[in-house]
Amino acid sequence: GESSKSANTGGDKESGTYSGKGIGLAYDIGGEGDQSFNDAAHAGFVKADKDFGIGGQTFEPADGESEADKAQRIENLAKQGYNPVIGVGYIYAPAIKEAAAKYPDTTFGIIDDESVTAKNVASLVFSEEQASYLAGVAAASASKTDTVGFIGGVDIPLIHKFGAGFEQGAKSVDPKVKVIKKILTSTAQEGGFSSPDKGREAANGQIEAGADVLYHAAGLSGQGVISEAAKNKVWAIGVDSDQYKQDALKEYKDYILGSATKNVDGMVYELAKSVHEGKPLSGTIRGDLKSNGVSFADSNPKYKEMTEVVEAVEKAKKDIIDGKVTVKTS
Amino acid sequence: MSTATVAKTRPAKAAKPGRRRMSLPVVLLMIAGAIVLVSVVRMITGAHGITSTGQMSTALRLAVPIGLAGLGGLWAERAGVVNIGLEGMMILGTWFGAWAGYQWGPWVGVAFGIIGGCLGGILHAIATVTFNVNHIVSGVALNILALGMARYLSKYAFEGVEQGSSKQSPPIESLGTFDVPGLSEWLATLNQKHWFVVSDVAGLLGGMITNLSPLTVVAVALVPLTWYVLWRTAFGLRLRSVGENPVAAESLGVNVYKYKYIAVIISGGFAGMGGAFLSIVASNVYLDGQTAGRGYIGLAAMIFGNWMPGGLALGAGLFGYTDSLNLRGGTTNVHALLLLVALLLVVGTAYLVWRKRYLPALVTAVIAAVMYLWYANTNEVPSQLVAASPYLVTLLVLALSAQHLRMPKADGLPYRKGQGG
Amino acid sequence: MKKFDKERLLLAVAGPVMALVAAILLTSVVLLASGRNPIEPYVLMGEQLAFSDVQVLIVNQASLYYIAALAVALGFRMNLFNIGVDGQYRLAAMVTAVVGAHVALPAFLQVPLLLLVAVLTGAFWAGIAGVLKVTRGVSEVVATIMLNSIATALILYLTQKDTWGVPQGNNMTTGEMHPSGWIPGIDLGPDVGEVYGLIFLAVLLGVLYWLVLNRTRFGFDLRASGQSPEAAAASGVDARRMTLMAMLISGGVAGLSGLPLLLGDAHTYSLSFPAGLGFTAIGIALLGRNHPGGIAFAALLWAFLDKASPALDYAVPEPYEKEIATIMQGLIVFAVVISYEVVRVWGLRRQQKRVGEELAAAAAAAAGKSDKGDKTEKEVAAR
Amino acid sequence: MCAIDASSSPPQTERATAVELAGITKRFPGVVANHDIRLRVQEGTVHALVGENGAGKSTLMKILYGMQKPDEGTITVGGEQVSFSSPADAIARGIGMVHQHFMLADNLTVLENVVLGSEKLHGIGGAARRRILEISERYGLGVRPDALVEDLGVADRQRVEILKVLYRGARILILDEPTAVLVPQEVDALFDNLRELTSEGLSVIFISHKLGEVLSVADDITVIRRGTTVGTADPKGITARKLAEMMVGSQLPTPETAESTVTDRPVLTVDSLRLEAEGGRAVLDDITFTIHAGEVLGIAGVEGNGQTELIDALIGLRPADSGTITLEGEEITSWATRRRRESGIGYIPEDRHRHGLLLDSPLWENRILGHVTEKPNANGFLLNLKGAQEDTRRIVEQYDVRTPGIDVTVGSLSGGNQQKLIVGREMSHAPRFLIAAHPTRGVDVGAQAAIWDVIRQARREGLAVLLISADLDELIGLSDTLRVIYNGRLVADADPASVTPEELGSAMTGAAAGHLEHTEAPSADSAAPVAPEDEAR
């Protein structure tokens, strides 16, 4: 029979050199509203649409779907003329690998994975450990109890990366600093990225154990971490975006020391821009401290007042960029 | 003919020994013993976290939704309807609670959460009571349906609303929390002293009265209330009779269908309230997948508690406690629990020896030794073990006590009016 | 007894048909209530059926569902509720993937080895619940719920870097399996995709299931135990042994249910290995009335709803909510069980009435032949 | 069918009518349980309702009690026509019913069981407890309100049932076979109570198969047969035998005294068998007997004295706590049920629905049940469907199982036909030893005789039979040897050729023991109660 991909075509947007239906953005589990990288990708998508008017559509995965479904989704997007097609999350790697071979004229983007090497694939990866290292430095410098905490969402390698960088950074300030680490749940289904209550209880436990700066990499659960930190008047460090500026966290922003950001939206935007301009990015595009793909956001004026901390962080940043320090990823 | 059999008329049958029931003093004594044991472990290991005020307070918060789900299960099963649809009813509770909560305030949200659960209950009752569908099957269907419904409705209700999305409701105002002035701080200070037993008791009591949500108070009060209603009122008697022997109840003029319906709907209400607790108190937003299997755990807590409100509360508390250990820093605290398990096993061995059951005693002793060695030779347990501990503990306790459990006799059985004979 | 056979067939078909119609109607009500077109989603989804690549997806997914549902159904036939299929198949898939990555035998040994490993792992995990039930009286429902969660933690522990985990980028896998353990699919061209090779395993299991249940002594004992534990015990079935066996077999089959995907496509167990199959399988087993043919139909239907619903995303001008499919699935199960019950009761009534009528007719005929003191009155009780 | 006229004078009409049922018809799928039944109960009398098993007595009473709705007919209570939609309506009209099968919730206390549904009267607490004790005292019921029902024996449960009715202040009492499980003293006490109640103006409808009892207590008798009223009788002017003939609708044959076929080859030997309940209490103790080839050993006993446990021990459903069971020289004490059945133990269970059949399966699958490993049902590990189906057809033919075919579910057959199928199935495997528990309970007369013939025939061919029955005539008529079980022990034996049902009855209540001789008075280590003077014959 006929293949579904050969069915739907047309409706291409013609604007300048760009001919395509717009950005096809396929989310990872969690989808829109995860307050984390799905949302960041979406922000980039929106911004690109605003700037270039290229439009496009976002797609959510179903529960318990297999790689075949992801492949189907990606190929469908390519076939229908979306360009670029972006898979949010390493989980799309096999799908994009397959689709890229079949649709050489489409540009594919994949976030958090660099295992696919093809001309028309841009791997958008981030050195989360570097930003986390800075978070660790800031935390250890700001701590009065010499105890800092890390709360991760789900037990996956990506989160270990955050934890490892943080720990290394904290110990770089003083090897005697105690780093308490907690990962909320074993699997995403149990709500590790989406349970503010879990985040709050974990934070409370760490504060009780003496931690006075808490760093989270727990998506939505992080809201609980930050609110609990604020309640106990200890520092929290946000993640992914500059959480000091997040609406949902206004109440607690005074206690947000800073955020280890990850410029997913910028990358998505850049990729869309490059495609739109007819000069599609390809290969591994690493967001690190050097390229500002990751950074330590310092919007909180109170942070800036702590000059020692700021200095320590700046120095660490310089060391990393200069290659004097390499940060472990696990 | 054969020889005459030896014949003696025997005295009337001795009454069967009644089932072992634990009297209040025994229960209290066991609780006291447990506290002392935990205290010993805490002193030895220095894991003061295991009985800290925060620990207990967290345990209570985590136990509430499980306990509410369990109460839901209790009401339904006492009337003879197995309710594996608790999870679905909770989902409806989270959704409706948040939906009403963000618009009209948290208390309205709680009310709507309860109503949402009740809707699930009505569906379950129609299927199981009116149509006599297998109770488990209906429950499973309800779980699927509720999940789909909540997601579908979210797209309409929450998407496009400020701070809301298809996966998340806008934030709901808090119900607030409160402490008991004076007492809470005093107990907390006492707890900080790390004194033997005293601090543990202070932690336990302090946890019960610190950082309380009003809904927690309501939920806790519902446990004795359930007991009172089910065991001390005519309504409760009828409801329980329907779960024990519906035909007998019918023969005395009890409208079995009516009581089953009421029970299942109330059951849904409890589950819905548990859901509302999750979305309004625990998180202040509705989230997709928020219940994360708590309905099932509630069911397990109820079975664990032998279909009794007190036992159920204990079961929910145990879940809450192990889960809270896990969340609050896990590995070292759970490591300390290895020693506790070893000590408990030693106690068990002593008991078995006293009962002259030497082989089980030996096995228990060996396991105790293994536990101790594990404790002595490590500093931490794998975090995965910590995550699994609530489930392991439940399984273990059930394995040791399942024979003493007794479910309502007609639980899960189909009933049709006029089937009696 | 041709008449009864025909009637039975009618009754067997009436249930699912009624259920489907009811479910579709109810879903349409939901759509209407939310102001959407109540028909178009079905059309959109129905159109998908014509595409061969969607067909392949459906068939592949159905093969997983089918095996898992057989595992559930096996328990149901014995009144055992194996909620733990989910944990059993994930653990089995993980262990199989590990073995497949570390053992490299020739294919004709490797494949059977892997199948065996999967069966044994699944059986072992279900067996824990079985043993607890048989020896300690622990309800298998609670035990398997707990074991699901424990399996999650265990899998995680076993796939850490210092155990058998092999990180691949940000994904954690168990390492690629040795190719001798791969099972090639049926390639239908680049645009269409591959049908899992182990689809044949699913078919084989279905046939075996039917054979064992309906044509063997063991199957008879199992069904008898499910229908009436007391009658089965009196007939000589050892209830405890039967419970344990059923649990082991159910677990073993559950263990196989992840393999079409693992050996046919993924070749490693990773974080993206689908979860939740075991719960879906419960609905499918029910829908299929625990009958191998029915389950096949139900699995295909379920897979169809799964795979066709993404099409709703592409609807113009405004996409439909994919959750419609989930709602339909829930409604289908409800409608199915209710209509089965209605049809069952109705059928039973009919049959009893018919038996009564035929007997009355026979009696009347007999009475006509001989009057007073006829055969039935001749012999009389001693009281 | 021959119609039999009412053999007695028309009922006296000086008393007011308490209840009148007219033209009651009730159909169940496949069965007409009641057809145009009439019944008139006078105030202040005991009205007995008699009829064979399955005649429709219980159904009629359930209709009067509001548990089932009649398809046709009217109910009049105290001169007023009523229609009950639930027992609550009937209770409100002053009707109370003690059911044939206990209607008690085991896990509730006596108090809870009693007050259930009538909590308005005295609440569920202290007042209710006082009221219960009061009633208990007044009628000498000796009920403990706070005991759990599951801890009570059958007699105690019966008393709770009666208390339930009295507690509600019923004016019209329905007692459906209340005496089946009572010992004679208890029966006497009950009858005293009934007389007291009727003297207070209450009316009692009394159902019993023990015609002696009926004649001694009833003021009026209504006889129903196959769902319809066949007449009324005056207990003063009718004999038990005549009454029985009214019930079955024809002359009763004299009991058959078949020639003995007992050989001296022991088939089943049970030695000092002991079985304990959970608390260590013996439910069977020191059971010793031998059954020879060609012998039927009958066990008499009031229900609940260990018969069920004995059957379970013999078939292997419950392991013996001590003692041995030997089948033709081979010890089988530790054998599993399946092995016992394969080695030639046939089993006609007492509750065929629970233990003998798969109600939702077709006849031919039920043919396989219990013999799944044997020919013609199996070839090795595979079932032989053809063989089983063919053999089912043979059984249907040979044992006159009335069915439209072998593919209908066995649940749609009537009780008697189900039983014939079971008998046919068990006999098809040429058992060496047959356990026959209440083989004709609830079976119509035609089928009864057929089943007896089968057992006699098999006995002649050398089968050893253990017969357990509540029907003493069946026991005496079929058995070669009789034993009496009481309280888990075999307390007496008797020669069926000479023993009377009365003598057996007194031994069954524990009043007599040892060897029962016809001429002798029962051995007396307890005051022998007056046996019901006239059992059914």
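Labels A, B, C and D are assigned to the chains in the order they are written; within every chain, residues are numbered from 1.
Heads up, the rule we're going with is that a residue touches a chain if its C-beta (ideal position, glycine included) is under 8 Å from a C-beta of that chain, and two chains touch if they have at least 3 such contacts.
Computed from a predicted structure; not experimentally measured.
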Result of counting contacting C-beta pairs for A-B and B-D, higher pair: B-D
Distance from the mean Cα position of chain D to that of chain B, given in whole angstrom: 45
Interchain centroid distance [CA atoms averaged], chain A/chain D, Å: 77
Inter-centroid spacing, chain B versus chain A (mean Cα positions, whole Å): 37
Centre-of-Cα separation between chain C and chain A, whole angstrom: 39
Where chain D touches two or more other chains, by residue: none
Touching two or more other chains - residue numbers and ranges from chain C: 152-153, 156
Multi-chain contact residues (two or more partners), chain A: 60, 155, 186, 189-190
Interchain contacts (touch definition) - all pairs: A-B, A-C, B-C, B-D, C-D
Complex contacts: residues of chain D adjacent to chain B: 58, 62, 65-69, 86-91, 97, 99-108, 112-113, 115-120, 123-125, 147-148, 150-153, 164, 277, 279, 281, 286, 288-290, 481, 483, 486-487, 489-495, 510-511, 513-515, 523, 525-526
Sites on chain B touched by chain D in the complex: 1-10, 13-19, 232-234, 237-238, 240-241, 244-245, 247-255, 406, 408-409, 418, 420-421
Chain D-touching residues of chain C, taken from the complex the two chains share: 1, 4-5, 214-221, 224, 227-228, 230-231, 233-238, 348-349, 351-356, 358-359, 362, 372, 375-383
Interface residues, chain D side, partner chain C - complex: 1-2, 28-31, 52, 244, 247-253, 255, 315-317, 336-342, 347, 349, 354-361, 365, 368-373, 378, 381-383, 385, 402-409, 411-414, 440, 445-446, 448-450, 471, 473-474, 477, 536-537
Contact set on chain C toward chain B in their complex: 30, 34, 81, 132, 136-139, 141-143, 145-147, 149-150, 152-154, 156-157, 160, 279, 282-283, 286, 321, 323-331, 333-334, 337-338, 341-342
